[in-house]
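The structures come next, written out as structure tokens.
In what comes next, subunit A is part of two complexes: it sits with subunit B in the first one and with subunit C in the second one.
== the complex of A and B ==
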């Protein structure tokens, strides 16, 4: 098992290196002078020169890449052009709202998607199945910001149950935090759950046609026991895989949702940095999200061992 | 056999009608797409000027001239929504086309060449580790804003998925008898790819291209919504929603119109993709849906 974990982590290193090269090239290999690009439209020649100096832009590309990547490994992602603060600190400051939003979304997603997927597979090819699948197609066709504004209109503007925008930190009370992330999480969860409900249904249908399910039924086990204990556990691997793949979509959704709901998280930081052309922050944030995604995919791979004992070997 | 011949001889229109009755969802989606395509092509005939600013009549309710009212700059919302169809359609189809051409070319190469496979797989691994929408936002903001930029920015993160799909199909096809037979009689290079490998990838590629089209339409709306898309004067649904944010509480309809149109278009494309995928999957095909 330890070998498996070590091997999986080692295989992520070349990917991480390539990701770093991509993100570095994004700013440095695009046409035009990176110093001018970073300094923005209103910079004086002296400012451009200062940036060139600070980022060592006169040195050859590979040297600059290794300086940048070396610093990144030591969690030094440079300074924001806009606020002159270290990028790492900016990200750390914005971590809490994004983390809460993503966690609540994930919990909501599983609460919505698993029951829907199980019921759809159980009642497959009936009107119940068809309406659940129709909901699923609708869920990932309606963009998350459209769902977001729809929810805001119904629950905040009309019914006045929940705050329209903003984020209340955990330090000011968990209830307030949950109220502030309720709508953005729901908007995101609807999109994410649609995807996972579809895969849960498909995976369960596959498992339900297998012999051990027939045996369980012949033994006289209840439908509920068969569905949840015998079938769902075996359908776990594809479902967990899609939760992992879906995380990329979720991160994209977080960026958009934080803008819709004015939540001061990392997604908001990204959009602000991009509108201000604050490239060190842009690079830092994309690197952060990519590393997060790679780590999540490793965890997903490792979790297979929970569902499928053959993986341990 | 006799029945089959009867079916073949049946006139086209009748066959189409029978198909439409059996597959109402597919038919409705096709009609919606066709309608939106016509709207996009004939926008100047349907609506007035989408760009003209009229500050004196900002946020006025619907009237005979502007049937969906006017936005915060006094522009005709209906005209902007109609012209917005163009951008969404153009981005969706261009991205789907470019993704297909690039993805199929690289994917076939990766499926046939051992070194190519190794390099391409690592590269796609890395690209797929970066969240697609972030990559698109970053590209769109660094390159100068414009329609072509947006299309390129959205295409780049879509390509790896297509590459992996095509590669996996090619790996499966490569050892099939008809391909090994073709190789053994001396077929190689482009004729081998063109006649024996490419046709086998077309089904899954078509389905994936449909999904790429749907996600490109959403992505272009997201880019416009976040203000890194096409320039704000050009009418686009995402841009309209971005404009509507500041007046959302008092004028929710300005958000609703582009939002509903956007969702309708993406929904139609996605449902068609699902139907196509069902029809091409031999395990799922019931009475030959297509």
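== the complex of A and C ==
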């Protein structure tokens, strides 16, 4: 098992290197000069030139890449061009909102998706099943920002129950935090739940047609017990895989959702850094996301062992 | 079991929906400015949002009052010698920086010297000064080489770069290297630990600040901090900011876009406050280096091809209270407003434009229009510009782009096909444009000047004369001459003077009318 984990981590290194080169090149060929953006609308050409020199933007691209990659290995992601703050500090400041948003979303998703998937499988090919699947198709066809704006319109603008935007840190009270992430989590969870519900249904349907379920039925077990204890656990592997892959989608969704709800998380940081041509931050954030995704994939792989005794790694 | 968990879910939902957020008695003022706080150094940048934040943190030696007169602020007063060469400035008692150290004359000298390295007016001041020294802890002596009428206007400058005072140890840093420690002696001190660039900057009341006894008047007078805490929140989306204001999540919006004003109808939470002095007016900047606008006649044809109302209507729609038609270089409603040589600007004449183009031998070189689509103000203006130019006989090559690309491109002095440009829209504000010393369009500095590089020895000469005189009549005459010369030269075409509509929570009072937003004196109504 340890060898397996070590192997997975080692194989991640070339991936990270490729990602780093790709990101660095992509960011640097995008038109727009960060020095000009920093200098502002009314700056003189001389001021712009001075800023470019200070940020070493006048040096050749490969030189800048090696300086950056060398520091990144030592966990020094450089300084933001835009705010002169260390990139690691900027990322650290924004972990909490993103982490809370992702966690609440994941919990909401599972609370919504699993029951729906189970019910749909149980009542397959009835109107209940069809309605649930119609919801699922709708859920992941509608972009998250549309759902987001709809929720804001109903719950914040019209009913004034929840804040329109922003994030209230855990330090100021859990209740405030939950209020501030309620709508964004729901918007994201609806999209995500649609996907998980479909996969749960499909996986369950397959399991329900197997022999041990028939045996369980023959033993006179209750439908509830069969579904949850006997079937759902066996359907776990595909569901967990999709939740894992879905986490990648979730991160993409977080970028959009944080912008829609003005939540100061990693997603917002990414979007803002890109529009500002804040190269060190864009590179740092994408590197961070890449590492995160690789870690999640490893965790998903490891979790298979919990659901399927045949997987021992 | 099931009933209990249902009840728990219902309770949680009720708490989340209805719960009050952490009850603390601190009074907080939440502001949404046009930009984000990404720096604490108002000398290293001219960025207006940084300037606004700096007015909370830092104080100034002198300040401009509502009558556009310069008044002592951190200074107790000053004396000027009979030969008009020696300014002796005394500091008020009890001034303290946020790190607890007293404000001394040495800090003032270091701060002004740093400012004098970057600010346009500051540079001129120091070029005319023999010395600036601290005579003792509380006395600053400015010795001029020659009498200069702009000493107090420079020291009392209200907009970027404002000569803010910081401790000498910080002011020793070169201005190209931004100061990272926000230590001022203003009414609020910044809480650096809570600062999240791109999201929020936090300030708390500075207990040791002693306001002047006079009532507040623009940047001058007593600055009374009525809130324990001020937060500048960055909300990029304007519609969202308005929703947040109407929902009571924030208290103030610097600039509510014209299209969002109807959202305030019928609200008892917030209202609109129009500020004529705080608007950013629209100008079309013309590049004098590239054809066709390297020819003065073709530039004048450009003036004739355009007129202001369509641009203002495209941007402001039915919100006519947000703009005025104004052709004055130094803006309308200012001491130097003038209508001299504004015929071509105010009266569109397509036939005359065509005649001028023919006379100038216009060869059909297309005018390159970088249509900025990501800033609505620009987007609307470019949409109007193209048909107007074509109607007047110009050939136009329009390309869709974004502001980031244009702001890079405008620095290029190359021909258009090598990354250069012909025209672009920008917006300068009231403060800078109303002053002949800071208005970039009458500088005439050619390749050493601002983008567009209009070159005019005559303008440079007029500016020098303007700076030397202290006689208001003479200044007015010189300003008129500048306008006359500038509108023949055409460094830019003015396309309308804008006000801004600020969104204000209706439970606030005490706002100060000013081109720069100030937050002392503001308080909640009882």
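Here is the rule we use: the second predicted complex is superposed on the first by the 271 of 313 C-alpha atoms of A that agree within 3 Å, B and C clash if a C-alpha of one lies under 4 Å from a C-alpha of the other, contacts with A are read in each partner's own complex, and residues count from 1 in each chain.
What we mean here is this: a residue touches a chain if its C-beta (ideal position, glycine included) is under 8 Å from a C-beta of that chain, and two chains touch if they have at least 3 such contacts.
Owing to the predicted nature of the structure, the values given are computational and were not obtained by experimental measurement.
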Touched partner set for A:157, first subunit B, second subunit C, both or neither: both
Partner chain in contact with A:70 - subunit B first, subunit C second, else both or neither: neither
Contacts of A:290 with subunit B and subunit C, given as first, second, both or neither: first
Touching partner for A:275 - first (subunit B), second (subunit C), both, neither: both
Footprint overlap on subunit A, comparing subunit B with subunit C: 37, 152, 157, 164, 259, 275, 277
Residue ranges of subunit C in contact with subunit A within the complex: 12, 15-19, 21-22, 38-39, 45-47, 118, 160, 176-178, 180, 196-200, 233, 235-237, 240-241, 243-244, 246-247, 249, 402, 404-405, 407-408, 411, 426-428, 432, 440, 449-451
Interfacial residue positions of subunit A with respect to subunit C in the complex: 31-33, 36-45, 47-48, 50-51, 54, 80, 82-85, 90, 93-94, 152, 156-157, 160-166, 168, 172-173, 175-176, 178-179, 182, 259, 262, 264, 268-269, 272, 275, 277
Of subunit A, residues touching subunit B in the complex: 14-16, 18-19, 21-23, 26-27, 30, 37, 137-138, 140-143, 145-146, 149-150, 152-153, 157, 164, 248-249, 251-252, 255-256, 259, 270-271, 274-275, 277, 282, 285-286, 289-290, 293-294, 297
Subunit A-touching residues of subunit B, taken from the complex the two chains share: 122-123, 125-135, 137-139, 141-143, 214, 218, 221-222, 225-228, 241, 248-249, 252, 255, 259-260, 262-263, 266-267, 270-271, 274
